[in-house]
Each structure stands twice: as structure tokens, then as C-alpha cells.
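In what follows, a structure is listed as C-alpha cells, so that the remarks can point back to it.
Note that the chains are named A, B, C and D in the order they appear, and that numbering of residues resets to 1 at the start of each chain.
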Amino acid sequence: MRLPDIQANRPEVLINLTRVGVTGVKKLVEVARKGERPIILISTFDIFVDLPPDRKGANLSRNFEAIDEVLEEAISSPVYDIEELCGVIAQNILNRHEYASRAEIKMKSEYIIKRKTPTTNVGCQEVVDIFAGAITTRSDSETRKTVGVEVVGMTTCPCVQEIMREKAQDEMKKLDISPEKIKSFLGKVPMATHNQRGRGFISVEVYDSYEVRLERLMDIIESSMSSQIYELLKRSDETFIVETAHRNPRFVEDCVRIMAQKVVKEFKDLPDDSLVTIRQTNEESIHQHNAFAERIATLGELRSELSV
Amino acid sequence: MRLPDIQANRPEVLINLTRVGVTGVKKLVEVARKGERPIILISTFDIFVDLPPDRKGANLSRNFEAIDEVLEEAISSPVYDIEELCGVIAQNILNRHEYASRAEIKMKSEYIIKRKTPTTNVGCQEVVDIFAGAITTRSDSETRKTVGVEVVGMTTCPCVQEIMREKAQDEMKKLDISPEKIKSFLGKVPMATHNQRGRGFISVEVYDSYEVRLERLMDIIESSMSSQIYELLKRSDETFIVETAHRNPRFVEDCVRIMAQKVVKEFKDLPDDSLVTIRQTNEESIHQHNAFAERIATLGELRSELSV
Amino acid sequence: MRLPDIQANRPEVLINLTRVGVTGVKKLVEVARKGERPIILISTFDIFVDLPPDRKGANLSRNFEAIDEVLEEAISSPVYDIEELCGVIAQNILNRHEYASRAEIKMKSEYIIKRKTPTTNVGCQEVVDIFAGAITTRSDSETRKTVGVEVVGMTTCPCVQEIMREKAQDEMKKLDISPEKIKSFLGKVPMATHNQRGRGFISVEVYDSYEVRLERLMDIIESSMSSQIYELLKRSDETFIVETAHRNPRFVEDCVRIMAQKVVKEFKDLPDDSLVTIRQTNEESIHQHNAFAERIATLGELRSELSV
Amino acid sequence: MRLPDIQANRPEVLINLTRVGVTGVKKLVEVARKGERPIILISTFDIFVDLPPDRKGANLSRNFEAIDEVLEEAISSPVYDIEELCGVIAQNILNRHEYASRAEIKMKSEYIIKRKTPTTNVGCQEVVDIFAGAITTRSDSETRKTVGVEVVGMTTCPCVQEIMREKAQDEMKKLDISPEKIKSFLGKVPMATHNQRGRGFISVEVYDSYEVRLERLMDIIESSMSSQIYELLKRSDETFIVETAHRNPRFVEDCVRIMAQKVVKEFKDLPDDSLVTIRQTNEESIHQHNAFAERIATLGELRSELSV
């Protein structure tokens, strides 16, 4: 039996569509790496093309053929970054949808990293969320790729800590402790404040073969909060983390600004028009709602504000 | 004790922030309506201002004073739409953050509507998700407001149905049933295909006092899918829904285009630069992933494509 | 056309079913209260009956007729608790499914409570999750009802605080500050530790007309954590909350035990066989995972352990 | 500095705790398999012990040492099932908490399986949720282990299909088509009905070294719905799936009963007291809510009802 291709028909309403495709597609992704074991991920993909007004539907099964072909190759290929992987899939998809002028792909995955606890030096695992994307168009020879990471860390509030510090100072004064001793004590023992899980996020637009290592983005995010956190903490590690966090109290605003400064310093070779999104969300321990700060800007804008 | 205002300090890194605020704030919202009982909602708000480079933090508690003041007034005021409510809150917030140049508010809520089952005419309730937002800036006298709705309905696949129809035709031909009878039968009994929950979404940008009734958006979304659905269905209602849906097979692409056409027809008085987002997601019964189509355009663009 | 009742057929596999029904049913619930404005909720219901082996299906639409009838009555009735409401719905449902021997209903809802900030005495709103359930059987004249609440509060870690306290003591000793002054200071200024959002939960099984006020359960949960939290906090409120929390450091285990003690003290009239579930989950600020403690016991068991 | 062990203190309220531990712990799990590549999973663990009344807290970091030790060994060991893995972790954890009498572990993971499309025979991937658990006590020499799977498939409604079939019959009668031809046609072309994503779940309690292959549970679940589904479907595959599903219309009740029958047939060597949970949830395309059926029973009870 001949199977009719309804998708190729002329639709009743002649209007362009910005995005047509599939969302929530889960795939096992194996990324080969030079001289290392491959990374294995379960990734969720969203895949879109645009659609001209005179075509009723996109052939969605082609998206799966494209993604499978590229993922199959990635297992045996020498090296792919996840944003490079998305770029190749986007181009493959555009080739298969001859009626489309643009293909877009988004990918999200959990990624386990291994590290050592801060004082007892025991191995432990942390999970981070990694993101990649690519947009390719027929008119533009270059594919725009994006890579991003979200990491959970700890933030402590500078405002309440300063108030607690003044309170400690007052109490010590009442006890006739000398200003020098007060200063010395408060320099050694950080005062209490509320602290909480913070989620830092950075995504960077990448061109050509410029490589943004996920590990560098994670480092920037973690070092911009009050302290990084660990899944395994012995008592001395826990104390270390709490002290570190209380020596670096930071608002959501501070976290975003410090991340911005570090991104500018780190990615010197990325062009000025590379778009950067930096975001911090604190799951406030004193509220049910979250505190939030965000900067969306080109690297050029950030460079200019920081006079770099 | 004097409490220090750490937020007003100069930060270490001098960089603008696009959005600083709170997310996930839940509030009881009571909207007075002319001649009707007030609508009562539990709404989740996100509230942001921008922040200049020389200010360490935004005073986030002011957002709550602003929202509470406006919500308090809304209970006693004659009439507010939810997007109007967001507009007033955004202005109030900008007034309280003298250092900010822009305030943005987003609101999301579940909303229960009452209606009658299609054949047995029994009352039942449906829940829809409603959205509103507002952005106000110091430089622009006008506040940009947005109102949106997401509704769940049913979609049936045209492609498989056409194949099943040809199969039925072939089987009837083999039984020597005449072409006229085949045509008559297939005109009366719609053939099987896969069908599923679809989620239609429309948001429209609104200016001034132009009113977009939520109920109109809901009607457009529901009538653009293969059939609307109901929480309570007696056997004859259920049959009616299934027949209706099978007489109107539609791809995600069709749903978006039909919504676009109806939006253009319905909102004749909205200006050309009003931004419209139209989206359909089908939770495919034959896949684990979803099918997706979207159009983002100004009303002017849609009008031009439809030659209206 | 006569519509066939397929559900009443004999199934191919003759086996009992423990639960047959519908989940995720959203309804507007209006509960009348003596001398007060009615409470209005959007509640999500799960509704089940059991099914004997010789019946193919349950008539699910009857569940909706039952729930609608009871909800309609509840608007005009003098007073209903939410667990009482569930009990009446369960009985109504059992009446409509003549083939079933047991009906079960669960209900969940967000509930907004109003209160004053701790030092500035300004009104604010908090959202809590409320739960109710009922199970009724043909053989037992009494319906077993359950009512529960989950509230978010703040917990501080006793372990790290003790370590920080010893560290403060050591530093002050090194500065030749006298033991009396050290003791006096540490009695006035609580030392730093990690703190986080905690979620406390209590559910209690209720019989007959015994009334468990939701507000009492909320009070018990909040007062068993290190501090309650508020959506609106001016600077002096925030300091108050942080100080309070640091004066009451508590593990998840402590929270559950304190809740258990208070439940025993509060509900003196509930029978020994009333089942109680008490649970605390801390969203640790120093980890990505949560700390968890739970006690499930009859009131009689708790009374016996506490020698009440 | 000596670090105080606050957890070992006597608590203020002397009450037993049913479960104390950690939830939401994510770990990379590598399970070695005889003669095959290892399975690599990101699994989420919940880990609990009970706590006697006279101990303030459990040492939660020991849970991580236990799980890491076992996971490390699992990479190099010959073969582990996931429920066996949980059993070994539970025993290791009980060994490390000398004050506890019971340890419990739960594990959940996504698992990608590969298979061929039904008519075009192309490779594709499906994701299923897999579950395992173990409970071990000091008094009982045997560890109770559980293994479970949830799979998404497609279900079609028998009730509406029967009505549509009668309608087709009536229409053909009106066209004077002979009863034999009507019967022949309706035997070849299944009539329309609503259909949707269904989620089938089975978990089985396992003893000793009895092995329950995940793949067998998946097969039982998928073959008990109206049709299995695939991520990649060419047009002829799609038609095949829709036809298959419409030839096997099934209520949630039918799915659970057929699964029960197959479980009894498959697991002949499991003892009578092995607990089985079987569940089906249909995401109804004609409603916003879900249809649900469940049987919880021992294998002995199921065997007796089926007279096996």
C-alpha cells in the first residue's frame, strides 16, 4: 500500500511557523575523549526547524534519523564537545528538512564529576546540570553554539552577618574587652548569618572550534559563591565548609558580578559578540521564595563595563 | 541598634545587572469584578528590577510591600484584569526602587472555569493555567503588559487517519461494496488514528486599557485543537468527544496556524507591534516525546501573512 | 442508540483489584465556616474503589458525580473540616459503586495563612500544603479520616555550631579573656553554623467528630524547627529570625522528636490506635542531598514511649 | 582540635525514630555484567536506618562511605543485579551504624534500552524507569530485596470503540450492506476510539539469589497494554502501532489483570510470600486527570485467585 505524505500537503492557513519539532527526546550520548574513557550521558534533546507557510507539516521522524546518525559517529570519533555535537546534529537536521531555513537543537544532561573532600581528602561525586545548544541557518555559514552549566553551592548573607558582628562588638564592649581584642577575635571567628543552597548558572556562546571546557565554567560558578559544597563531608570538612562560607558572605548580586568578572578574564579569545548569560538563584533559608539575579550581555558589553 | 544598609554599599565588581529580585512568591489574589463574585487565585509571582553598577544590592523586601499594597487595593477596586494588576504592581515597584530604571513582573496561576458537558449538559469544572506580566521603564510612559492562557485539549493525527481510511476503502472494495456506498460510509464514520492530550498556549501583548478576556483566549485555543475535553463525561458525551476529535484531525502545526488565524480575527483593535506567542505541544500517545510547534510574531506580521 | 456498558462485562482475567479510580482531579473547594468567610481552595483529589474479580471496569464518571454533589453541599453547609469533607465524599462514592467494598479518597491543596512579621508587626502571607484523606468500607461502620500539613521553616545544625563555639572559646582564651566573660559572651551571641530550609510534616488519623485544627498542626511543626520563616522580613525581623534559629539548633531527628512530644501533649482525646506520621526533611545547605527523619506510630505507642 | 560528637549525645525527647538518613543522593553506578559491557547509570538513592530513643543523631556521612565502598566494588565484580547491589549496600550500612537495628535503601534510575522499530526494523532507544530496594534487619538473616520497572506504552479504550463499532454497523446496514460483509469488514478494520500514553509499573520482592531480569518485567508491562511505543517511527511503523493498539483495546483494569496473570506465569520459582505491586496509569486524552488501577498482593494470593 502506498502511504500518503500528508505533511507535504498545502495547509488551510498559510502562515510561517517559527519552530516545529520534538521535545523531551532522551538519548544515550557517548562522547569520545582523547586518551580518556568516554563520557556517557542520558541527555534530553529538543529539536526544531522552521516551516514555510505552504507546507502542512515537518517530517518529524527525520529528526531521529539525524540525531541517531550523529550520536553513532560520536562514539567512534576522536573528540567532541557537547556543543560541537549539537552543532553537527543541527547541520544534519537542516540537510534532511529541505523546506526549512533554520535548525535549532537544545540538549540537557546530568553530569557526575569526581573530586576530593576539602580537609580529609576522600573521593566523592557531585552532580551538575550541563546544557548545550546550536542554531544553524541556510543563509549563514556559521553555526551558533552555546554551552552552559548549573552548579549548586552555598551562599551566606552579608547583611545579617554585619548586624550580628555589630551585636558581638557591642556585647564585648559591655564586657570591657579592649577594641584590639575585639578586632582580633572578630577577624578570626566569622559571625552567624543565614545561609542556603545557591544555584549558579553560566552559558556562553561559542564560535568555530573555540573550546569552552565545562570544568572551567564549573570552577567559575563554585568559586563565585560563598563556598562550594560536597556530597560527603566528615566533621572537619563540614566545619571547614561552614567557616569558608561565613568568611565569604555574598548576595545573589555579588555572585553574578563575580562570575561576570571571571568569565571576562577566562575567555579572552571569544569574540565581543558572544552572548553570555549569568544567573544566581538562592533558595533562601529565611523565606519560602528564592532570591534571583541575572546578567544577560555580550562579552563586549561586559568587557567595556569592566574596562578590560 | 542602628542596622547597617549593606545593600546600598558600592560593590567590588562594578557591573550592571539585568534582573535582581525574587521568584516563586505565592500570594492570594482577589480580583474584584463588576456585578460578579470576585475571582480568588493563588498566584506565583516573579518580581525583578535592574541594578546599576555602583549599588551592591536591591532591597528585596520592598517588592513585598509593593505587591501587598496593590493586592490589598485590588480587592476593593471596581475591576482589574490580571495583566492590569501586574502593570500596577510593576509601577509601584519601580517607584520604590529609586536606583532602578526598569521593573518586571510575571504572574502564573491555576484558574477553574465552569461549563456544561457537551451532550448531557451537566455542570463540570476545568482547570487552565493563566499567565500575566508587565514591564515598565522610567524612560517610557507606557507599561507593556502581557496576558496568556494554556489549555489542555485533544488532538488526533491526520496522517495515520488518512492511511486507515485508505485501508478501509481497500477492504470494502475487496468486498465488492460500491464506490458510492464506500464514500457515504466513510463520510459518516471517521476512521481510527492515534490521539492524545495537547497543550495549546497563546499570549498577547496588550497596551493601555485594551482588554483581552481570558475566556476568549481559552475559546480560541480549544476550538483550534481536534476537540475540547471535559473532566466529567457520561458515555454519550465521551462518544461525542471522540467523534468530534476524529472528524477534526490536526497536527501541532495546524493547531498553531488556526490559533494564529483566530487571534488575528479576534483582536482587531490591538496595534501591529503587539507581540503574540502561539504554541502547541502534543503528548504523543505513540511516543515518549512530545510534538511541538510555535509561532512568535507581531500581530502586524501575522496580519500581513494572512493578507488581512 | 443504546450505549453498551462494557465496564459491567466479565473480564478475561479474574482477579481482584486493590484500587481503581482517577488521580489528579482538580476541584474548586469552598468550605463554609461558622461566622467566618468561607475558605476557597483549588484541591487535587485521588479517588479509588476496589473491584471484584468478575467485573471488567469501574464506572469512573460516578466519582465525579459524587464529588460534585458533596462539594456543592459543602458551600452551603454550616461547617466542614477538610477531612470531614473527604469522609462524606468517600461514603457517597461507596454508595454509587454497588460492586465495591471500599472507597478511598485523598486530597491535597495549597492553603494561604496570614500572619504578622515578628518584630515590625506587618501583615504577610505564608503558603502551606494541606492534606486530607478518608477510607470507608462496607463492613466497618466508621470512616477512617486523616488530616495533615507540611510547613517550611528553618533549621540550624547543632554539630557545627558546637565546633564553632569551641573555636570561639579557644580564640578568646588565647586573647586572655576571662572564662566568665567568655561564658557571658557566648551566652548572648550564638555562633555560626549551616542552616537551611526544613520541611516539617505531620498527619494524624481522626475518628468520628474529633476535630484537628490545621492551625494547631502548623504551630507544632513550626515551633519544632529552629525558627519559623516569613515571606516579608524587614532588616530587624531578619536579624530576629537568624538569632532565634541560631539559639535553637536542631537536627532532623530533634525536629521529629519534638513534634512527636507536642502531638502527644496536644491531642489528648484522640484514641490510642490513631496513626500518626511525623517527618522532617532538611534541604541541606552544605550538600545537594537532603537529611531526613521520620516516625510512624500509633498515638498509643508514642504515649507509652513518653510515659504519658 | 577535638571535634565533639554531638550525634552520640542523649536527646531531650526519648523517642524511637523509624527512619533517619539521606534522600536524593545521586551516584554514578556501574554494574559489571558477564560477557557484556557494563551498564552505567546515574541513580538516585534514599538511605535510612532506625534510631533508638537514647541517641540524638545518626552519623549520616557513614551512609556515603558505605555506598561508595559497595559501588566501587561493583565495578570490578563479576555480576550484580541492581536489587543485589541495594542488598549489599543495606548490609554494609547496618554494619556501620552499630546503634541501628534496621537499614533500608531505595534506588531509582533511568535506563536506556535499544530495540528495532516494528516494521522498518531500524534501531532506536527507549527510556524506562527502574527501581530497586532492600531492607535488612539484625534479627533476620535474610535481606528483603525489591526490583521494579515503569514503562510507557499506549492504551485504547474498549468502551468507546464498541460504541463506534455499533455505529459503523448501523451505518452499513442503512446502506444495505450484507451482515456477512459488515462482519468481514469490521474484523479487518478496527474502529476509532480515544487512546493515550499509559504508564505500567511492576515491582516484585525477591529473595536470596533469585534473579528477576528487568527485561522480563518490561516485556510483561509492554505486552499488557494495547501496544508498545517507539521513539522512532516511520510511516508504516506508525500505522502498524495504531492498528495493533486498536485491535487490543484495554482499560487500566485490564492492563493490571493481564500483568498479574503474566507475573504469576513468569515467576514460578518465587515464594508465595513475595509481595507484588502492579499498577497502570492512563494519561487520558479525553480528560485532564488520569485513570488508575492497582493490585498489591503476595504471589500466593495471586496464584490462589488464578487457581494456579
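What we mean here is this: a residue touches a chain if its C-beta (ideal position, glycine included) is under 8 Å from a C-beta of that chain, and two chains touch if they have at least 3 such contacts.
Bear in mind that the values here come from a model prediction, so they are computed numbers and not experimental data.
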item	value
Pair joined by the larger number of C-beta contacts - A-D, A-C	A-C
Between chain A and chain B, centroid-to-centroid distance (C-alpha), Å	28
Rounded Å distance between chain A and chain D, as computed from the means of their C-alpha atoms	32
Between chain A and chain C, centroid-to-centroid distance (C-alpha), Å	35
Contacts with two or more other chains, residues of chain C listed in rising order	3, 25-26, 127, 159, 163, 167, 231, 233, 235, 239, 287-289
Chain contact graph, described as a line, ring, star, complete graph or other shape	complete
Complex contacts: residues of chain B adjacent to chain C	3, 5, 25-28, 40, 42, 61, 64-65, 68, 110, 112, 123-125, 127, 231-236, 239
Chain D - residues contacting chain B, complex	126-127, 152, 154, 159-160, 163-164, 167-168, 171-172, 175-177, 181, 184-185, 188-197, 229-231, 233, 235, 238-239, 241-243, 245-246, 283-289
Chain A-touching residues of chain B, taken from the complex the two chains share	1, 3-4, 6-7, 11-26, 46, 48, 51, 53, 56-58, 60, 158-159, 162-163, 166-167, 170, 251-254, 256-258, 260-261, 281, 287-297, 302, 305-306
